[in-house]
Amino acid sequence: MNARTAVTDSVLDAAMLAGLVEGPGHGAVVTFLGLVRDHNQGRRVTHLVYEAYEPLAVKALDRIVREAADQWPSVRMAIHHRTGQLAIGEASVVIAAASAHRADAFASCRYAIERIKQIVPIWKHEFFEGGDTWVEGATADPDDVRALEQALRIACA
Amino acid sequence: MNARTAVTDSVLDAAMLAGLVEGPGHGAVVTFLGLVRDHNQGRRVTHLVYEAYEPLAVKALDRIVREAADQWPSVRMAIHHRTGQLAIGEASVVIAAASAHRADAFASCRYAIERIKQIVPIWKHEFFEGGDTWVEGATADPDDVRALEQALRIACA
Amino acid sequence: MRVKVRLFARLRELGGSGELVRDVPDNATVSAVWQSLVQEFPGFADYRPSLSCAVNTEYAKFTTAVADGDEVAFMPPVSGG
Amino acid sequence: MRVKVRLFARLRELGGSGELVRDVPDNATVSAVWQSLVQEFPGFADYRPSLSCAVNTEYAKFTTAVADGDEVAFMPPVSGG
């Protein structure tokens, strides 16, 4: 599991991901962990189950890593997304972005999480006290330029 | 070494810091690692030595954590800064910021590194091929409102 | 000809399975495959405006033609991260 | 009265030590302590515009009065991170 992109039912390891992207010319590594919260929209969440269309999800993660490298050439990035059942406090996604200078590491890491929510075929099934629901976010369309531009705006704001 | 702020000559541990700030209501943890680069301003760096005025440096880190909590109430933050001799690739500083939502975690983490460079009494002695130099950055003044506002602008941009 | 249909999340639950095999006319498009599923599972109709599709694990358009043996995936709005 | 002077980084090197003990007049300010050091170490003079100071491990102003036994720190521009 030391690929730079992966969809996995194993526990995620931010330090390992940081190690994958760090190089001697890098002065900054920013990592993002998405954690399962104990509440959402006023409901008490008990756990989540993530489902993926795995081969396409990995390709979408690869695409995001390429987009980030196009935008911030000094950035080296890794992204792992978890699937299966997750308890409160567990990490659903980890992104690590290394670069020469901190501005690019922050911007590209922020960009990546926005893009993940836009174009990666993964679905969150939320189980809460009294029921469950499939969360439906964005209609995935990697070629939607407005979505990409929105992610860039948020990242570099 | 499980204080939320510390100045230490031990190797820094980003995962441990993330663990200190994560809570069940947090959906995001952003960490920043500052790494020793093998070059700076065209010079080939061999190693760095960081010197601190330790009691005041810890107070300054505490102040940054408080400023972040004032600005982003859902944020819980930890900062450790290394001292002594560091090899290329080693981490000089680690920041972990946890919050309910990702925007605050990113902004507060970015804010913290800007403030560290402004007001924490720590000095970098750079050793490169052919010589060495003390890096002199910002005149530390915690009450300089313009510096604080500049850090906020960069963070939330 | 015959295609494999992949369904995910709520669509998978509505369709009763994540993998179906269906016979479709030669030269059918993704859209034709979808229309046949809507006949079979009326709950699918609401998803059309927010749906994404893929052919052989690459994002596709509803106008994309499908071939015998293709894997055609229908995806409700995503919610990873 | 007697104060402990703390020096850091390049100032520490110019002063030959990170900790000095100096006698200063009663009611001296941080600025007076600094001026006496500039007499002793001419290389210090250039630092005045970019200098920070602290008394007893709290940031202070150059107009702050010092008392017997105080620790007075002089800090060149910082470069942590």
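For reference, chains read A, B, C and D in written order, and residue numbers begin at 1 within each chain.
Methods note: a contact is a pair of C-beta atoms (placed from the backbone, for glycine too) under 8 Å apart; a residue touches a chain by one contact, two chains touch by 3 or more.
Every value quoted in this text rests on a predicted model; they were computed, and no experiment measured them.
The minimum number of touch steps linking chain B to chain C comes to 2.
Chain A and chain B have CA centres that are 24 Å apart. Between the Cα centres of chain A and chain D there is a gap of 49 Å. Centroid to centroid, with C-alpha atoms defining each point, chain C and chain D lie 74 Å apart. In chain C, there is no position where the chain touches two or more neighbouring chains simultaneously. Looking at chain A, residues 34, 113 sit in touch with two or more other chains. Pairwise, the chains that touch each other are A-B, A-C, B-D. Per the touch definition, chain A reaches chain B in the complex via residues 14-15, 18, 22, 24-39, 88-89, 98, 100, 102, 105-106, 109-110, 113, 156-157. Contact residues of chain C toward chain A in the complex are 6, 8-10, 12-13, 50-52, 54, 57-59, 73, 75-81. The residues of chain B lying in touch with chain D in their complex are 34, 50-53, 55-57, 59, 81, 92-93, 113, 116-125, 134-143.
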